[in-house]
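The first chain written gets the first letter, and so on, giving A, B, C and D; residue counts start at 1 in each chain.
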Amino acid sequence: MVAVIKQGTTEKQLGELVAWLEDMGLTAHICKGQQQTIVGLIGDTSRVDAELLESLSIVDSVKRISEKFKSANRKFHPDDTVVRVGSVAIGGGNFAVIAGPCSVESPEQISGIAEAVKAAGATLLRGGAFKPRTSPYDFQGLRAQGIELLLHAKEKTGMPIVTEIMDASHLPLFENVDVIQVGARNMQNFELLKELGMIRKPILLKRGLANTLSELLMSAEYIMAGGNEQVILCERGIRTFETYTRNTLDISAVPMLKELSHLPVVVDPSHATGMSRLVRPMALAAAAAGADGLMIEVHNNPQQALCDGAQSLTPAEFADVMKSVTKVREAIRS
Amino acid sequence: MVAVIKQGTTEKQLGELVAWLEDMGLTAHICKGQQQTIVGLIGDTSRVDAELLESLSIVDSVKRISEKFKSANRKFHPDDTVVRVGSVAIGGGNFAVIAGPCSVESPEQISGIAEAVKAAGATLLRGGAFKPRTSPYDFQGLRAQGIELLLHAKEKTGMPIVTEIMDASHLPLFENVDVIQVGARNMQNFELLKELGMIRKPILLKRGLANTLSELLMSAEYIMAGGNEQVILCERGIRTFETYTRNTLDISAVPMLKELSHLPVVVDPSHATGMSRLVRPMALAAAAAGADGLMIEVHNNPQQALCDGAQSLTPAEFADVMKSVTKVREAIRS
Amino acid sequence: MVAVIKQGTTEKQLGELVAWLEDMGLTAHICKGQQQTIVGLIGDTSRVDAELLESLSIVDSVKRISEKFKSANRKFHPDDTVVRVGSVAIGGGNFAVIAGPCSVESPEQISGIAEAVKAAGATLLRGGAFKPRTSPYDFQGLRAQGIELLLHAKEKTGMPIVTEIMDASHLPLFENVDVIQVGARNMQNFELLKELGMIRKPILLKRGLANTLSELLMSAEYIMAGGNEQVILCERGIRTFETYTRNTLDISAVPMLKELSHLPVVVDPSHATGMSRLVRPMALAAAAAGADGLMIEVHNNPQQALCDGAQSLTPAEFADVMKSVTKVREAIRS
Amino acid sequence: MVAVIKQGTTEKQLGELVAWLEDMGLTAHICKGQQQTIVGLIGDTSRVDAELLESLSIVDSVKRISEKFKSANRKFHPDDTVVRVGSVAIGGGNFAVIAGPCSVESPEQISGIAEAVKAAGATLLRGGAFKPRTSPYDFQGLRAQGIELLLHAKEKTGMPIVTEIMDASHLPLFENVDVIQVGARNMQNFELLKELGMIRKPILLKRGLANTLSELLMSAEYIMAGGNEQVILCERGIRTFETYTRNTLDISAVPMLKELSHLPVVVDPSHATGMSRLVRPMALAAAAAGADGLMIEVHNNPQQALCDGAQSLTPAEFADVMKSVTKVREAIRS
């Protein structure tokens, strides 16, 4: 961390600042120039509040040089984290495919899709029970009943299940859910993240629509600071000015996150593009860029899905994508 | 709402679509061209799920022509809503000034500031008890204790208080809070919004960092759909590529929101700019553009605030801004 | 400028770096920590290529502490620049109002509007002769003939004229134009900027749709580096996710630019919002925030303008806005 | 195209509007509802100025349903365009690799790199002679001399060359250049695009930093409207809020552009990410998503490049990426 000191600062003021910083366990190096004085701070600066420092009357600006995330930071944990869900492993070379419908609708629907995606190679079953919708008048999911249907499909197929939580008060309903998903709009719902840090269950954390990778990692840090280190990061498209695609899938987030952090990174091409015909090329691109897994919407009858049908693959299309994904993964390893 | 039909759609398919739409109480008008067929939908389209319609195999695209928000829509409520908080009115020509520190720190601090801002003309006292911070290592507010200190200051000064909620489970603590604030990062925390729709207390709803006005109004709609019609909209800056200012205050949101909706609109120049020296020009700009109120951070000792000190005014600076705001409001009325 | 040095850098390598930097006339201060070494550079760093420095194998990252713009920088020119166009002054307390139609259409149209806006208090006449349009099939302006019509209106009314240039090869046509405008899409047309640096005529430089204030000032620097110091900066709205307004007018750019630079700053509320009914509140907001002038579209028959009619005021509406602008300017000065 | 008519419009006004639209060769279908009347326009609406239509007093809003680009539109040219440069073909299944240094520096440098990238499989040589730089104080390229050095390297290796133009007045220097590049910042330099429409040479058109795919295709349309149909589209990263990567490479632009247009699409992972270590994963992702080619920066001594060195591969790294790209292309075809 570097603090630029205002012109006109007295030696006494500078001395007081340095003393205060050293009290926090930091070492301060002073570089004096004719127009500027720079104070370089060495030590654990992740706990320094940059805005507070910047608000001091003698400080012109503060620039962070090292990242604020610690538990999620690869610098302090060079080895890949492998998240384990029953017999399924994610990260550290283990590729996970999470597939299923946008919304859970009926026992037949969810079980039928579960069997189809399992046969095609999916390792986890996803399905929305609680659905965040922009409008209060849109379908909000089957909620508690949807989770029951997912658990029933899990029992029948043996697949671990992934589903989204929208409020910490719903946690009791998630007792037998294997992976809890935090949606893009809740990525900075800090109270929810804190609660999820208290449990011992993998969390799939989706990047917010306009959030940076640093903010995504700070949200992972909220969960990890509570002691829950089983976090899976998910790139699902960011908001840009483009309108043909619903969002813009940031594939470069995959290698960048894997450099910054040891956590596994999966990609959701379905929500990102909003169009089923773009799922295949973007799933292949994500695999080629080194993703640890994919999250893909599959519906047995895309034209009748209650929501997001336009972005769902049929089971046959999904099976076809899976074959190509496997080939691309072989190509990049060889 | 207009649906563009794909080429190759049969008369039978089109007939089924029209029948389905008419079942929802809509009237469908068909415009047939050589290359395209357009179906115009007339009626209450706010309850039609555009994504579902777009996912049908014969539909190419759907364009909404009327807005999806109803309760918040000025078309159906031409008169301004006036939100009343004790003897204070907001909207319909009543200008409200909400002032106070970013964080509540101590009884002396909050009471001292309350008295100072009241003397300068503020009508409501703000102060953060629960603080959303990007990093789990930053100060998170005094929480329950902070609300107690606010209530104490309210008792001493008679000023109604405004403070932020971060989770619906904290609602019991807000029983004596006058206006509950929903922060930018929770603007699409739909479960929280639903809970706030169930109570009968004014809600100050801040626009999210990358959210559109339509999304802000849909979030207001979540609250209003529950029966709580006392919603105050707050523009607090949006995320743009600019880095000199923390966010970009969208002043045009003021006249635009007031055209679209009957709800009062206040502006927070402190968070938007992140710099105390920009608060004055932006407060004046907001007043000139027709805002119904301002939300301004004031601290008795900006250099020692635990957070966001860089954006706080001193009480003397605040009093000075208030005088100019009054003059600008007179100028635009005359 | 601060360079963070990679771990594992030898003393010899560090010494070579320092020698190279000192060759450029800079002083390098070294702050060594256990995990990081920081080199603080003092001196004229505006001519250091940060990307080149960052590409060196021993450099981890580079952070600029002082701005790269020099001629446009208020630090080196504390006094306001006053741009003079005939008897009209812009900046340093002189408020300029540039008004006229989006496109020049006919002698009657441009002269008629010129007289009307002059009577209402406009000091410069604007009108588009060369029109940048997204589509090659849209009206591209009367081009050379449009400039002739503007010059004719100038002769009749005595008003100096402002019009946009789209290519340096058109410069001969601009010989008698008083102020040359560079449009948002050409803000980083560096070859054009260099040519405009070679002439001695005021340049009105519009901010690009997705450009930062720093980039705007660097583009001003291109012009000023050639010796032409008569640059007027213009905020005209930036691209954001909002769709109700065409662009988002960044009013905070006004006080921010005036702090960073000594150049005058004018605001164009017509293009920013794209709606004539938002011109009034945004013009007042710009005046309240301290702008040095306004650029407003006025058309005698907005419903028949060849382009951008939706955002034009009638002369009567313009006269009304002018009265209120004058009152707001008085309010903020008193 | 659909026009929404304001309430209160008389039959006579509506009749006049319809007559005016039919004069333009369009067919107008009227859908009347209680609250709204919609006019559906069928025919060639690419030449209708939507803003003009929207500015009419009786029109509330206008929504385009079909795209405005015609020559670039796949609907009217279902087959892939194959751009031919000497014996090199781009598009229609032909994969092109354009490689070379950011800036041409010396005869040895450019010839050395040319031979190295040719040996590794590159089919076209790139090199910057005119360099757009944000700062007037940064290195601006060797300009005319740089083009001479490129032509010399072309002669020695037989590779066609690609280099950027910054102003139409430089066209004579580009007589023997094989492919002329239009950079991101000039994507909407409409006068330049018109000039390039007049010549008969392939144009590589880069997407602007904050431009949509529709705007990119409209800029291609400017070139094609002049009769030059040899346009190669290039995705090179867009500006987002992310700061770890220089830009965000929009890989979904590849399948989306190929659906919308028949023009070949290449991807530049070097400029997009600004980091050489991200070039490999992003090149593989682009190939997996179906790109028609890649544009990659290669430098024989990345640490001494005059610009953008941080994003250049060494020839050995480039050869390695090429091998993997070939494997990924095989994987997605099989």
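By definition in this document, contacts are C-beta pairs under 8 Å (C-beta built on N, C-alpha and C of every residue); 3 or more make two chains touch, one makes a residue touch a chain.
Bear in mind that the values here come from a model prediction, so they are computed numbers and not experimental data.
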{"item": "Residue-number overlap at the chain B/chain C interface, same or different (half cut)", "value": "same"}
{"item": "Identity of the chain that, by mean CA position, is farthest from chain C", "value": "A"}
{"item": "Selected pair, greater C-beta contact count between C-D and A-C", "value": "C-D"}
{"item": "Centroid spacing, where centroids are CA-atom means, of chain B and chain C in whole angstrom", "value": "31"}
{"item": "For chain A paired with chain C, centre-to-centre distance based on mean C-alpha positions, whole Å", "value": "39"}
{"item": "Whole-Å separation of chain centres (CA-atom averages), chain C against chain D", "value": "27"}
{"item": "In chain A, residues with contacts to at least two other chains", "value": "210, 239, 241"}
{"item": "Chain B - residues contacting chain C, complex", "value": "210-214, 238, 240-245, 248-256, 259-260, 272-273, 277-278, 281-282, 284-290, 324, 327-328, 330-332, 334"}
{"item": "Interfacial residue positions of chain C with respect to chain A in the complex", "value": "2, 4, 27, 29, 31-36, 38, 40, 42-43, 61, 63, 65-66, 210, 239, 241"}
{"item": "Touching residues (chain side chain D, partner chain C) in the complex", "value": "46-47, 49, 51-52, 54-57, 68, 132-139, 166-169, 185-186, 188-192, 194, 209-210, 215, 218, 221-222, 225, 239, 302-303, 305-310"}
